[in-house]
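Before I ask anything, let me first share the structure, which is written out below as structure tokens.
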Amino acid sequence: MTLAPVLIGVPLMAALLCVFLGRRAAAVSAAASVVTLAIGSVIAFGSFAVPAERALGGLVYVDALSGLIVLIVALVSAIAALYAVAYVRNAVATGEIAPAQVRWFYFWLQLSIAAMFAVPLLNNLGLMWVAVEMTTLTTALLVAFFRRGHALEAAWKYLMIGAVGLAFGLFGLLLTYYAASHALGEAASALAWDELRAHASALDPSLMRVAFALVLVGFGTKAGLAPMHTWLPDAHGQAPTPVSVLLSGALLNCALYGVLRFHLLATGTLGVQFSSDLLLGIGALSILVAVPFVLVQHDLKRLLAYSSVEHMGIVALAVGIGGPLALFAAAFHMLNHALAKSTLFVAAGALGQGYGTLRLARLHGAIEVAPLPALGLVLGTLAITGTPPFAPFTSEFGIAQAGFLGRPSALVGAVVLLAGTVLVFGGMLFHVLRVAVGTGPGRPHKAAFPFAASFIGLPLAALLVMGVWLPPALRNGFAAVAGVLGVAP
Amino acid sequence: MLPGPLPGLVLTWQIDGLSAFFALVILSISAVTGIYALGNGRHHASFPGSGGLYLLFVFAMLGVVVAGDAFTFLIAWETMSLVSFALVLTEHRREEVRRAAWVYLVMTHTATAFIVSAFLLLARGSGSLVFAEWTAHASASDAGIASVIFVLGLVGFGTKAGMIPLHIWLPQAHPVAPAHVSALMSGVMIKLGIYGLLRLSFDWLAPGPAWWGALILGLGAASAVLGVLYALMEHDLKRLLAYHSVENIGIILLGVGAAVMARALGLGAIVALALSAALFHVANHATFKALLFMGAGAIDSAVGTRDLERLGGLVRRMPFTALSFLVGSAAISALPPLNGFASEWLTFQSLLQLGRLADEPQTALLPLLAGGALALTGALAVACFVKAFGVSFLALPRSTQAAAAREVGALELIPMATLALLCIALGLAAVPVVTAIGSLVPAAMLPHDGPALGLAAPAGGRLVLPGIALALPTFGALALLLPRLLGPVRARVAETWACGIALQPVHEYTAMAFAKPIRLMFRDIVRPVRDIGVVHRSGTRFVASVHYRSHIAPIFERYVYEALTDRLVAMARVVRTLQNGSLQTYLAYLFAALLVALVLAR
Amino acid sequence: MSEAVTAAGLAFLQLAVFLALAPGVNGLIKQIKALLQGRRGPPLLQPYFDIFKLLRKDSVVSDHASAVFRWAPAVYAAAFATAALLLPVLWIPAPLAGWGDALALVGLFALARFALALAGLDTGSAFGGMGSSREVAVAALAEPAILLALFAVAWRSGGTDLSGMSAWLQTHGAAALAPSQLLAAGALVIAVIAETGRVPADNPDTHLELTMIHEGMLLEYSGRPLGILMWASLLKQTVLFALLIALFFPFGLASSAAELPLALAVLVLKLGALGLMMSLVESSSAKLRILKVPELLGAASALALLALVAEVVVG
Amino acid sequence: MNDAGAVVDGLAVALLAVALFSVTIRGLVAGVWLLVAQSALLALVAATMALWSGATHMWAAAFLTLTVRAIAVPAVLLWILRAVALRRETRPLLSTRHALILALALTLIAFFAAGRLELADAFPAHNALPVSLALIFVGLLLMTTRRKAVSQLVGLITIENGIFLAGLIATLGMPLFVEIGIFFDLLVAVGVTAVLTLRINEHFDTMNTDQLRRLRG
């Protein structure tokens, strides 16, 4: 796994290059993202095949779960960086971004990508916490990039809530370290995840319960689980679209990855019941909280943000239900959500730049003005709301099936899942239909959007295919992830 | 046998008699409407690729019918809804089209959620998603869960079929869709709801309690009567036909309900009879409803409007369309010797025999009452299609566009003619067709002692439509020829008598007026709302003009669905205030969450 | 081949009998009504004279009328001719018993109504429209009553075959007075009054445009087509009376060719009795407003329902 | 041996006093200086524990606390305040008296909660842990009641200090490179927040976060 440090190094180097090369920063960041996509996929598919691997003296640890997160971050960062090229050029043209700022945009963008790659690769839980904190800090200034009141407000809340949340996460981490140091002795390896996982049964149960609660609230804040999700709609709504793509597609998954790692520790110590029920509860709550905000919404990107809250809830619910089928479907759903949400944000971004606003009241008749983004928006909405034949339906069907076959609370979870997705479907389709079709009162102008087809077309095509047939590599990958998540010592 | 995307999931196919029958109906009707689409497409705006979507729509419907496991069924089922949603959105510039399409897709999606829960409960019982397994384990699941599964399935498939409380999308979506699409949706797609219901109540579940059948009978009777009543009140031709689909679905449900109830009571012969009635009516309705929608499409493209109050006198200008529309109207009004009468006759027989052979009085009375409701529906259907055909085709044209109408092209007339001939043929060949249907229905669905589906009702009462079809023309000819023996008479052409003044189109009976007696007789059910505006000439008592507007209160839309959505949105607005923008409140939420987590972790 | 010819012969014989008696029944009703109202009234054979006069007169056709107007009389007459042959009034089984049953009879009535209502609309006159609209409205309320009554009667004989019902009643004479039968008979009588357009529901003798339902549709017809239509509507009335006789009083039918004249006499007597009853009803009650007719037919449906309940419960 | 515990307890009490005092004052610069005092005391605690345990990485932790928490972070804050020429906090949500009562209540809860955590034998300072929890709660109180951006940042750093103290007491500090990572994080966080605060002040001409309440629903 010598590639792991390279995967973190490339975006770091790119970030520095962007600052110095100024004008050609866009090209550098695009090239870097393509390289990381290649390396990321190699690492990911490698981790799916072979069981867990340590490298760099135990500093780096890659198993199927981290492989999946690496794959998701690689894909989403590639989409974000490549789309950023067109988006930033349009923003500069309309004067939203000053030309001098462009290099700093790509600097922070590549830095945050580096941080997001670091999270799944680091074995030490302390360093993982530091990486997650770094993702928050690097994206904070990106959220505030547009220098208008709302963006600053969103960034401030994003930073403050993120910091407080992660502080509690750190406290939970600290308690785990205390419990581990008793069981494993003083060595620095006391925070290495794989050792902790191996000796999980030796840890003090009452401490681990408090630690898991703290970590769930801490990392859950960053993962956008309710009721700690309040920063998410503001941040996604105000950030430049490529940043929203990165936030929704990659960052939420990294934070959820942290929660899952601790979930595995907790299952080692306390048995499956405690942490699964907690995850199930918070997942169901997130789905239900997202429903009213989707039904009554006035901004397109906030609508997509609340959909992210719902889908993070669905993944948490799936892991809470447990069992090989639900965990397979949870992994599958993380990838589906990342792809579908990226497409939706790209389409929303294109429309936003075309119409100059994202208020749903003033977006109409997009099908005539920008047919591809409008079609992408509609198909993406159908995909994200779990309509067959798209892949999110398949993963949600798997989760619901596991729920119906599982314990009573899992059954309740599955019913909440089905009811929640139907209500969100009604709400989102109502808004998106008014945007996509009909005659447009707004005065849209042609926003330049080169090779848009690949950004919107490719992911949607992938989602359509995966709805019915999974390539074997991905299938074993998800099975391996299910194996990692499901193993009860 | 394809490996599915989830572990332990496999995509299988299952083709038996029932799916073959439905596949036949789908293919034949979509072929005919396909040809019609080529002709009719010229008149209406259609987006590029709508032809391809049409083929995908047919392919998805076939997928539903041949799916062998829950996952494939759901994929095909929702793709069918999605594609028809896109086709309904063809003229998306109009607001009511967007609203209709949204209502349609949301209700279908909610129905799919119900179907998914029913499937998963079935999978929970038999441990697999393959239909064959479900049939094998049908008797294993206990009564309580079986009833829950049945009700969930009934709601899910009933919404797709357009059963009464769940029908509101049908009269909104069908009229706005292009003619060939609404012909296919009304003729064939809603039948797949019936297909699902048949699979559920006969294949996947063991014979349940009698109230299952009673529930379907009740909803079927309500759908039939209310469907035809609302159709009578409509004066948009396509909305009228859409409500008639609700009525005919009600008639099919009467057959299905009788079959389910008979199966619960163990009356094998009645199950066979009722099933044949339901399936035969599925085929018949597909034929004449597609024909009528194509007729309506032809009128729409020739005259430019579907409002009955502005049609009239088209029989002289569009003779062939008029003829096929007349055959369609006669068939749907269940007049002998056409196919509508044959399947309604069978339904009457199954209801009567079920009433006779059911042991306790209360289970006996319901089928007989349903028979009474069916009779009322039949008579109202006659009234409705006398209005539809009479007002749109006969007497004087009520608008300049109607006067300037010209016959549609051959590409549209041939499909209509073929379906008209098919109606007549299905009527005359009722006996062989029903016996063919009997051989198609898998034995598993019939209880062991059920005879083959024959036209002969088990206890007397035979129907030989070819005989009646022979007697009618002979006596008609006699009635015209015998008086000739009394010598020749001449016919002189003159003005219609209108109390001495020249007849204008305004003297004619309008659709609204034609339905007025029935509207007043059924005013408690239909609840008409009427407002009359009288304009006096300035300052004087003399009346300059009178404006008369009447519409019927949309009971289901207003008191059930809008009430529900308004309450939901109101709740959403209240919850929305939680995100009030202040950082302090958000931190308070976070802290509260932490406290709850810590309490749980104690 | 030979029994097919005799069957056809018998069929045409029954049709001839019906056609012959139809105007007479109406003439008899008019005579009795006149007697009850203390006036002389038209001669018994007056309907025959009217029909044959009309059949020989030229006709005036509206210039807006279409093929529907020309073909309606033929369809109307054919429907009732076929219906007549389904009824076992002279012997059991009825000539066309093999081809249709009670439901077919109701279907044929619906076909005739469909044709005539369309013809009423075809000429574009307001009166035709009003007649058709009211005809189908009244029929819509009468049909459930007829069906439920038929179900109550069919219940006993096991099927909807008319000849079967009469044969069953012949063998179980006592059952004719069962409560369900009487209730069913009551319901059917009211329905027949509404269908034939007799007084409480509609006034057959008036030409006041706003009150006539059945006559409204015939307004535009004249000459031979009017003659055919008039004869057919009288045939309809006789068929309905024959239906009442077949379902509730099927005694005195011929069992062999020799007894035909006797059966014919019994039939005339029975039709006369029904005519008397109808004229008694007509002269004792006034015509109802069109919006009050639903109460009348509602009562008929209620009676039929009671008949069914009695049938199911008492058994 | 127990004198080290006594020294740490004394320092802990001093820390608690500084925290409670910071709840009452309204001056921003004064608040920052109180933060410096807090961090200095923390450095002393780390130093005494280093003496007691003799672990080399403890000395590094003490040194880092001194440089980052006591010097670098307050320097950034003071630089912001000087750049913005802001002296006094506007009227906080809670009046001083109520804030103080609430702070005391929170401290009691902290002592009660710490008792239940029974982190027994890590380091003999029995009231150091409750103080760390008290610091966290007071930090949260500061963040939720103050309106100025800088004072919210001071609250956040108080929470971080509380957690750092708990870390020191419970496990004699995290492994060194994790410790370094956390300090680096703190520094970057304060840097980014400083940039953001300046931009907010430049855009809204005030640091009052009441302006930041327009994103709703």
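Letters A, B, C and D name the chains as they come in the text, with residue numbers starting at 1 for each one.
Everything below uses one rule, namely that a contact is a pair of C-beta atoms (placed from the backbone, for glycine too) under 8 Å apart; a residue touches a chain by one contact, two chains touch by 3 or more.
Worth saying up front: this structure is predicted, and the values here are computed from it rather than measured.
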item: Pair sharing more residue contacts (C-beta pairs) when B-C is set against A-B; value: B-C
item: Gap in Å, rounded to a whole number, between the CA centres of subunit C and subunit B; value: 34
item: CA centroid of subunit A to CA centroid of subunit B, Å; value: 45
item: Gap in Å, rounded to a whole number, between the CA centres of subunit D and subunit C; value: 101
item: Subunit A-subunit C separation of Cα centroids, rounded to whole Å; value: 78
item: Residues of subunit B engaged with two or more neighbouring chains; value: 576, 579, 581, 583, 587
item: Subunit A: positions in contact with at least two other chains; value: 153, 156-157, 160, 164, 210, 233, 293, 296
item: For subunit C, residues contacting two or more additional chains; value: none
item: Which chain pairs touch, all of them; value: A-B, A-D, B-C, B-D
item: Interfacial residue positions of subunit B with respect to subunit C in the complex; value: 313, 315-316, 326, 330, 333-336, 341, 345, 348-349, 352, 355-356, 361, 364-365, 368-369, 371-376, 378-380, 382-383, 385-386, 389-391, 394-396, 457, 459-464, 467-468, 471-480, 483, 486-487, 489-498, 503, 505, 507-509, 513-518, 520-521
item: Subunit D contact footprint on subunit B (complex, rising order); value: 576, 579-584, 587-588, 591
item: Subunit A residues touching subunit D - in the complex, by the definition given at the top; value: 124, 126-127, 129-130, 133-134, 137, 140-141, 144, 147-150, 152-157, 159-160, 163-164, 167, 170-171, 174-175, 177-178, 181, 188, 190-191, 207, 210, 233-234, 237-238, 293, 296-298, 302
item: List of subunit A residues in touch with subunit B within their complex; value: 153, 156-157, 160-161, 164-165, 168, 209-210, 212-214, 216-217, 220-221, 227-228, 230-231, 233, 274, 278, 289, 291-293, 295-296, 324-325, 328-329, 332, 367, 382, 385, 387-389, 391, 393-395, 397-398, 400-401, 403-405, 414-415, 418-419, 421-423, 425-426, 429-430, 433-434, 437-439, 466-470, 475, 479, 482
item: Subunit D residues within the subunit A interface of the complex; value: 117, 119, 122, 136, 140, 143, 149, 152, 156, 159-160, 163, 166-167, 170-171, 174-178, 181-182, 184-185, 188-189, 192-193, 195-196, 199-200, 203-204, 209, 211-215, 217
